[in-house]
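Please find the structures below.
What follows is chain A paired twice: with chain B in the first complex and chain C in the second.
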Partner chain A sequence: MSLFGTTTGFGAGTTGVFGNATTDSHNPMKDVEVTSPPDDSISCLAFSPHTMPGNFLIGGSWANDVRCWEVQDNGQTVPKAQQMHTGPVLDVCWSDDGSKVFTASCDKTAKMWDLNSNQAIQIAQHDGPIRTIHWITAPNYSCAMTGSWDKTLKFWDTRSPNPMMSLQMPERCYCADVVYPMAVVATAERGLIVYQLENQPSEFRRIDSPLKHQHRCVAIFKDKQNKPTGFALGSIEGRVAIHYISPPNPAKDNFTFKCHRSNGTNTATPQDIYAVNAISFHPVHGTLATVGSDGRFSFWDKDARTKLKTSEQLDQPITACCFNNNGNIFAYASSYDWSKGHEYYNPQKKNYIFLRNAAEELKPRNKKW
Partner chain B sequence: MTVCSFYLQGRCRYGDKCWNEHPRGGRGGDYGANHQQPSRGGFGNRVWVNPSQRSGGGYIQPSTFSRDGSDWSKGDVKSSDFSFSHQNRFSALNPQNNNDKGGQTPADDNHNHVDTIQKDMEVWQSSGQWPFSCYSLLSVQISGFVELSPEELRLEYYTGRASGDLQPYVNSVQQLSNQWSSRVQELQTMNGSTQISVISELNNSSPQTSSHGLGSSSGSTSASGFGSTSASGFGSAGFGSSSQSSNTFSFASSKAGFGASDTQQALGFSSTSAAQPPSGFSTAPPSAATFSFAAPAAENTPNTGAFASAAGFSFKSSSSSSSAIRFGSSAAAAAGSAVSGSGDVGDRLFTAHSDLTAEELEQFRAKHFTLGHIPLKPPPADLLMV
Partner chain C sequence: MAECDAEWELCKENIQPLRHGRTISALHQALCQQHEGNNAALNQKKQAFESELRLYEGDDPLDVWVRYIKWTKQTYPQGGKESNLSVLLQRAVRRFTDDKKYQDDIRYVELWIEFAEGCSDPMDIYRFMQAQGIGTMQAALYIAWSEENEKRGNLKMADSIFQNGVKCGAQPSDKLHVFHRALQARVCRQMMSSMTDQQKDHDDDDDGDEGSAEPQRSSLAELKAKGKKKAVVPINRASASVGYARGLKLKQPLGPKQNSRLMIFDENKNPETEPQDPRLEIWTATPTARAKENEQKPEKWTNVKLPLKSRSGLSVAVPPPVPTFQPFVEEDHQPPAVTPCKINPAVNSVLSARKPCRAQETPLKMLQERSQHTQEAAAEGKTREQSMYCKELLYSGVTEFCFEELRAERYRHKLQSEQ
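After this line comes the complex of A and B, so read on.
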């Protein structure tokens, strides 16, 4: 019988009351819960692309597994399949046709999971845990890009055991995003590198980080013509920087904003500052969602520079989020992100993935000027 | 927000109700313009207090950054104040601009930086944010901080748990934690010696004393500070613009002065600090050199690769032939001075004839490089003639 909110050696801090089945603080937003969530923290979420009918959600976790659910139109979620790694899974992504899922793990390998046959084969090998994986579809090539803590970025044609290309980075890869023809990688020690993927991946520019602290997550956004034009970068210090690659007026167009902090306007007591764990852009509206260690998610409009909504506080940090291909569903995962160390880790505590209707709340505001 | 031009002339009839910005300074709000310096508000104040001391916009940052050229084109004193207050992120690089700001000197700049650091440390201690993170001010990393992501720490815990022994994990976390708190405390109380070392780190933009041996990364962040401001002017009209030469050219310049962002700087930079960048950049740029040629790894040291690329493009770019030739000669001169300046890398700056293949030698001898056959090794010294 599993115990929730134990008070033994883990000293789990503010985990809330878990005995009752009423909607307590584990789901204050009353969103749809995904059935059979993973047994350990969820590190990444990804929805299937538009090339595939229906909505399939993939979630990787620290329990070494990757799970696939079908999300039906009535909101029901049906667990479909699962694959295992020998180490915690840190990132997942879909191929562009929606038939394969790529998973990256701390066991230094990445696998390609064919959903039709439910077989997974290894397609990549690094000298250190693989932190990010993205699928690139270019006119003249397709490959998986893996970023690892061994300070390399490798590109894999899934048919060969050797990488097509290997790029050296100044430091360990902490997060990355790809929107063809642009890729952004944020590394340790505030490294920030933009790659251009046309013809062949190559380093385009190293950017001086607009943030003072460790990079945590990055997401590329597109302009009105659907071309990638910049990225949002989140740090552990409750701040997100919006950075355009080639803005007409950098001093004016690039900006940072604070988020995921407690006591918004009260400056008397010291603020609690939480890390921004993930950033996702709405595929249609171009507005963004951030999720943080404080257990809240927020929606923002970067063009109007306003906040659209902040959620209630969940009792656990939110570790991952993503939108589905048409922007109607926002999925976010509530699980421990290690932001307070091992003392606050409670393996018994249930992890959740919630689904929220995102069609209305992420509509952009009209600009005031 | 747009600045109110009437306010700048002293005749805004809306006053506080005006929708446009009245630059008073002190607006370090959440959605303010991108700023690395928290003392931005302070600068704004000083600028506003002494408008009459301005002698015109001569020293002001290029007007390309002002958002509405027509309002500021008259160059009247107040508008130049305004554009200055929005260029604060660069003002630390031009301390001489602050000469008549009521006593603002580089020493005061440092004082502001020290204050900022102290405040940041206080916030860091009280906010409960992740301790194992780097910290930087004005794109210079302050040493003494270990950078570890929560995932890395968690993985350590999991492997310890799997092997049955968590004690090493607990001990190392404790140690890192103590290290962090002592460093934060040190920076917060900022006694004399800490202050001196911090200020020297800030002013010396390529620090050699990074405690976790990451001088390369901090060097490259300061380097790309140049690159990002100047390179944005280069061929970035469309992202991933197709002209290969413009991309890699801007990239070569963004490596802080190997190619240099403009020719004038090339000579000065390489002669004075050629000794430093090679050591500082030894880890970062090999990757860069690799990419710019989109070919298997260039085996030589980065600065030589950059010189080769710079020289290569000066030959190739026929569109701006006059500037190219200028660049080529300055690169050669810079190469020459770099060689004399830093003897230890001199022998890696050029390859001997014997080390080059016949095809590479032919390329160097030819009038123009052939696309796709540009040698990766630097040219022999005697072939460096324009």
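After this line comes the complex of A and C, so read on.
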């Protein structure tokens, strides 16, 4: 992976040198562009787990397809395979052994894609679009967890057409994350539920939302012993909450911070607030990345409570992001997230996935890790 | 068929009456669905309306709201919280407050009137409407407003409202006149009946018995006074206007005018302190909606704290005396079974620490904030913060949507229209 170092000051917001505007504004960070990106907005990205050699990137899009690329060590991306759904794909995830990919779609089904045979079979069915899918590996069971807009959370043994378990939620599932033995689901109307997955999945606690606006994305983080201990929750109005499940001092340990807003120090013009589209934790450093509707990504250290870096502004919102299994690569997707509705949608606009070297920039401030 | 009728008969009391009546088939279907708990179809229809609200691109967005509200009323005959009818009305009304196009649209005005009737203080709403120019050309506004005044006994005010309506040239004007004349007739009768009774009171001071005998029998007659005392239990079976039906020869005036020895303050007789025309106040916001039940968070009842007992003297609470007898225990006595707890004890949010009470969000406050914002913006040429997403689209209907849901709805619509 070649190193690209562009560290311009925060707030400078250049959209490109005059004359190079078109090329720079879509990739101002000059990161590696993935070849053959999807034709419509990218909804989700996922890198292969460490159990598999190499780096394979999966991306689902609103063009109803899921694509797989191999990311080689020299930075080259090679498109490998593609699968289709009958509706836009909303979420993807890998099985723990890296041989299968699970895809969830608006067509109310979820599929399991065997990469070796390039066959995909349906493994789940809901009454509404499936918004999230995660693979759970427990000592005594393995299953796929699907969260849907039909207000249910279902668990699927891939061999059976019926779910092994179905849990009712108070509202539609908007985002979820799983790190065994914990699962967090954020729903509409600011609902927040934590599940414990030992033995069998069950509701652990319902939490009052630390945020005042619609929940948009959630990611679980781990403690120094590699156990899940809390989660980061992003809202539709430029704010992320860091919430620990059982902190020694909740008032002090839990906090929220503002992000993806414009004109931080400049009070003369109104501050524009953008949605936080995705949150990802670095698998090694424990620092986090957020991507927003403003077309920027930011890296944060939640323990030192500081911002590590903010990118230049892309000309489109960033809709998805993820780290690879060893934290060297940060992938982010630039496409329209529908934050301003139908009128601002331009089907002709190209969508991109960028890859960036993440080894250095996400080192925590205080080197706690 | 007999069974179908029975369904409806069984919950007559729970069915909210509609002015224009209900279609029996829709009513029956709604009751059956609720009985069976068939929510999936209801949810789908609701979802369809919600997405239509957001995806509509025609000239008449009010039409979607009107249909949604009509469907809600038919489907949830009991009204109540799950129908979200009050929320819907509130949203619909606020959505088009600034829209000049709908100001005199009868459908919109009727929505406002329905909203007002559900509020704790409809008078505020009507005054706001007049100040904003909503429905000022519609007879319905004046009729409803006047009726409200009449209910409260402000007959003079009710009359002046009609006069105002006539002055504004509200349509349909003949309807307005009919209602106005009806009101005037009622007022006259009431005044006359109270006048004749007062005269009678003066005349029959010594006469203990009932005054002029009433040859005809009247059902539901007033309780007649017995003995020297004139005091009679006041009866107020219906609103003031109904009294007319009993005939002019009523002895007892209806309303708070009994026991005429006492000079009871009567606002209708005293000179009006308010000016004739209803004052046009500058209203910047719609007034409070109905007090929302079950939506307030629990709060402390009082600030009273029980004082801690002083250290000296009666410091220790005396424990209850041990009974001198042995409580009888049955042989096969078992400890009371633990009541089955539906709430998982691990879910401790039920008993979480009380949070400071969130100020009740009334439409007044929300609109005031919005108008303050826009006022500040106008004054200083800026707003403090600006959300860079389509808030209106997301929060248009009763429930919220996320970006993906919006997009998915549009995708679904496109698919349907292509098929």
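FYI, the second predicted complex is superposed on the first by the 343 of 369 C-alpha atoms of A that agree within 3 Å, B and C clash if a C-alpha of one lies under 4 Å from a C-alpha of the other, contacts with A are read in each partner's own complex, and residues count from 1 in each chain.
Note that a contact is a pair of C-beta atoms (placed from the backbone, for glycine too) under 8 Å apart; a residue touches a chain by one contact, two chains touch by 3 or more.
Note that the structure is a prediction, hence the values are computed from the model and not measured.
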Do chain B and chain C fit side by side on chain A after the overlay, or clash? clash
In the superposed arrangement, does A:Lys349 touch chain B (first), chain C (second), both or neither? neither
Figure out whether A:Asp127 sits in contact with chain B (first) or chain C (second), or with both, or with neither. second
Touch test for A:Ile273: chain B only (first), chain C only (second), both, or neither? both
Given the touch rule stated above, what does A:Gln200 touch, chain B (first), chain C (second), both, or neither? first
Looking at chain A, does chain B or chain C touch a larger number of its residues? B
Which of chain B and chain C A:Asp294 touches, first, second, both or neither: second
Mind working out whether A:Gln214 is in touch with chain B, chain C, both or neither, as first, second, both or neither? both
Given the touch rule stated above, what does A:Ser246 touch, chain B (first), chain C (second), both, or neither? first
Select, from 39-47, 129-137, 291-299 or 309-317, the region of chain C that bumps into chain B once both structures are placed on the shared chain. 291-299
Check chain A for residues that touch chain B in one structure and chain C in the other, and list them. 43, 62, 87-88, 90, 106, 129, 131, 149, 172, 174, 188-189, 203-208, 214, 216, 236-237, 270-275, 337-342
How about chain A: which of its residues touch chain B in the complex? 43, 62, 87-88, 90, 106, 129, 131, 149, 167-172, 174, 181-182, 188-191, 196-200, 202-210, 212-214, 216, 227-229, 235-238, 241, 245-247, 249-252, 254-258, 261, 270-275, 305, 337-342, 345, 368-369
Chain C contact footprint on chain A (complex, rising order): 43, 62, 87-88, 90, 106, 127, 129, 131, 149, 172, 174, 188-189, 203-208, 214, 216, 236-237, 268-275, 293-294, 337-342
Spell out the part of chain C that touches chain A in their complex, as residue ranges. 40, 55, 344, 346-349, 352, 355, 382-390, 393-394, 399-400, 402-408, 410-412
Counting only contacts in the complex, chain B reaches chain A at residues 1-2, 19, 30-34, 36, 65, 67, 86-87, 89, 120, 123, 126-130, 132-137, 139, 141, 147, 149-155, 157-158, 169-170, 173, 214, 216-218, 220-225, 227-229, 231-232, 236-240, 242, 247, 250-251, 254, 283-284, 286-288, 290-292, 294
